[in-house]
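Chain IDs A, B and C follow the sequence of writing; residue 1 opens each chain.
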Amino acid sequence: MSIFDGLKFRKVNSLIHNLDPRIKFVYVIGVFIAALLFLQIIPLLALFVIQLPFVFLARVQQQWLRSLRGAAFLAAFIFLINIATNFFGGGYTLTPSNIEGAAAMTLRFVVLVESFSVFFLTTSPDHLGLALEQSRVPYEFAFAFTAAVRFVPVLAEEAQTIMDAQKARGLELEKGNLLKRIRNYIPILIPLIVSAIRRSLELAEAMESRAWGACKKRTNLYSLQLHKGDYALIGITATILVSAIYAYFFVSIPTIVNLLS
Amino acid sequence: MIEVEGIYYSYPSKVEALRGVSLNIKDGEFVAIMGQNGAGKSTLVKHFNGLLKPSVGTVTVDGIKTVKSSVATLARNVGFVFQNPDHQLFSETVEEEIGFALKNFGFDVKVIEERITWSLELLSLSQYRKTSPFLLSGGERKRVALASVLACDPKMLVLDEPTIGQDYEQKEKLRQFIMQLQSQGKTVIAVTHDVEFVAECNPRVVLMKEGKIVADGQGHQILTDPAMLEAASIVLPQIAQVFTKLSALGLSKDIINIDEAKRVLLKAMEKHKR
Amino acid sequence: MALIETKGLTYTYPGTSKPSIHDVSIKIEKGEFVLITGPSGCGKTTLCRCFNGLVPHFYQGEIKGEITVAGINTLDQHTYEIAKHVGLVFQNPENQLFALSIEKDVAFGLENMGTAREEMRKKVDWALHQTGIYDIRERSPHEISGGQQQRVAIASVLAMEPEIIVLDEPTSFLDPLSAEKIFDVIYKLNKEQGITVVLVEHRLDLTAKYTNHLIVMDQGTVRLEGDPRDILSNEETRRIGVGIPKATLLYQMLKKENCNLGNKTPLGSEELADQILEELKGD
């Protein structure tokens, strides 16, 4: 259940939350590209630090730390694989720059996780749906997206009720060998599917009754408009990208090993 | 016998659904648990068959502490019929649907066969034995769900909102059916906000509000107390509404039954004529 | 001309052989508060679906007879055209809300119709105020109760400014107090905005007092129709299996014992209480 609780979004007001999701997405892509340009620790560290103000302005530190912790396992894995390939591929020796390279790889991954998590932690699904509606994506897709977000928690709750109902009739999900265990889920899945179908029919009825498809050009209650903050973010993104590209071509970036020796 | 002692329960989402509930239900009692949506009614009854275990306090069913027991064991004694039959029907035929719980509880084939026949007759579903439950009407599906639980012959039966979406005659049949179970000495616990239905049955009423029990007594005592019901967001049954409005006449107040209402009013009118 | 009129309406769902409604001829006038009742499976829901064209356009199947709603022949108009005149509210509030905020849901129909933003804003706010949910307009559907959800569903058809609102057992999942609030909202729309209401219910205890036109259906046909006071005192109604309100029933029982309570069959507890007080304070 707890994974679904995360989808029960709430409106939060902060400078970052109120930014246009489309611009935020451009920013994420910007950071993504910049991170791909470098394999040195110093610029990646800079990219990491640049994003911290966003986290604090949006007051999502806790959730953000949680998502980083979630990525920690994968990060450790990337680090070890890099070390291992260097070690076994490089004649069973490890140089300090090998280690630095592996660390940089890992840091690049962390930067990517960081930027995506800032995006998703600060963009409510309805904002995202709105962005979809107002981009060139066909409305049906935007509708499918918001409806999915709307009904995932409902279905999760329903699945819980069905499980309770079958347990109350003596079903033991954890009993038996693997095959038996899979079969144990049939009494859960069938009612879930049947009621999902019923539900979708009712939804279709309700949509029809509210003039679905009445005119080709739908209007929208809200409009996304760019504010000062959005322009500032465009500026920041452009600056990051331009400096990254400049550094990539014209600056010889020192490694930590160089600096120390 | 169900003994609930000072239980608290919080959902993983940190919502505190029960805040210190104590309650004893004797064998053979008929209890209606009432209250607004979110008062904690469903949370409470899910403790009776171990679907939920209290965070604090104990629930004892027939001498067994639920914390130490599995749902599968407790469910043998406590049958639980959920509000929406579509949340449990999955078999190809009505017969298999009813046999499901029996098989889970490990009855042998011959007993299962007997019990299926018995419960189908009990709920007048015999003609649908080989039919798919999905082809039946809403009222019939509800009866199949009930039959599938009753087939195990549990000592105690929990009904979650049994009257929702039911028409007048279906409710009347349900009422008679509960009376029949009562005469067999079964405990029946109904979670409901259907005041008219409760008024007609006049069971013991346990009134809940915000995770606590705020009143416990016979239907005609609880359902005729306007202030109490208002606090728990329940409306008075219609007969009680009439008598509340007649309070100036000094008639007895705790009337929810129509025949009694008639008797009392006739008497008052006779007296008035004289 | 009647606002809704059917003549010999008969409809069979695809894949079934028995018609769900058979030879239904009714007239509903502008401004009425109509209550349709009858046992489960009597065809109430199907009739509602005819009023806004879901039958036959969405459900297909075979339809015979005539039906006009707000001057439109629903058999040859798209559902979305009829939706501008008839708002349909369903039983389960959960499955009628598909947006992520309440006001966005209320706007859904208007967005579909291509209404300009400022005008839409006005209509949405009006509908939110009428149903008493303006203050929670920015919440998400998970954060509100079933009763509030159903009011959102009503607001979302109301925003399209229909002449008729049809509600198919809108309160059967709700507790009585929330149900009463819903009925109050509907009653107010009927009285103050002159919107014609067609309400399907089998809990007459809660609803009989609002209606001035009662229709009793059974097995796909209209069995009784007219003044609720006449119909509720008709023995036939009881035989069909309609739950007569307890106050009405008590009145009948007292009348049988020759009590003098006047000749107006009460539809609710207030009316009966007044009649009894009248008699007992009488002289």
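Note that in this section contacts are C-beta pairs under 8 Å (C-beta built on N, C-alpha and C of every residue); 3 or more make two chains touch, one makes a residue touch a chain.
None of the values given here were measured: they were computed from a predicted structure.
Peer 1: Looking only at C-beta pairs in contact, point me to the busier pair out of A-C and A-B.
Peer 2: Pair with more contacting C-beta pairs, A-C versus A-B: A-C.
Peer 1: Comparing centres built from CA atoms, which chain ends up most distant from chain C?
Peer 2: A
Peer 1: With chain centres defined as C-alpha means, what is the inter-centre distance between chain B and chain C in Å?
Peer 2: The mean C-alpha positions of chain B and chain C differ by 29 Å.
Peer 1: Calculate how many whole Å lie between the centre of chain A and the centre of chain B, each centre taken as the average of the chain's C-alpha atoms.
Peer 2: So the centroids are 45 Å from each other.
Peer 1: Would you tell me which residues of chain B are touching chain A in their complex?
Peer 2: Touching chain A from chain B are residues 12-13, 46, 49, 51, 70-72, 75-76, 79-80, 82, 84, 86-90, 100-101, 104-105, 134, 148-149, 152.
Peer 1: In their complex, what parts of chain C are in touch with chain B?
Peer 2: Per the stated touch rule, the residues are 39-41, 91, 145-146, 169, 172-178, 180, 202-203, 205, 241-243, 245-247, 249-250, 253-254, 257, 259, 268-270, 272-274, 276-277, 279-280, 282.
Peer 1: In the complex, go through chain A and note every residue touching chain C.
Peer 2: Within the complex, chain A contacts chain C at residues 8-11, 124-126, 129, 143, 146-147, 149-151, 153-154, 199, 202-215, 217-223.
Peer 1: In the complex of these two chains, what residues of chain B are touching chain C?
Peer 2: Where chain B meets chain C, its residues are 36-38, 137-139, 164-171, 193-196, 199, 233-235, 237-239, 241-242, 245-246, 248-249, 258, 261-262, 265-266, 268-269, 272.
Peer 1: Help me check something: in the complex, which residues belonging to chain C touch chain A?
Peer 2: 52, 54, 57-58, 78-81, 83-84, 87-88, 90, 92, 94-101, 103-104, 107-117, 120-121, 124, 138, 140-143, 153, 156-157, 160
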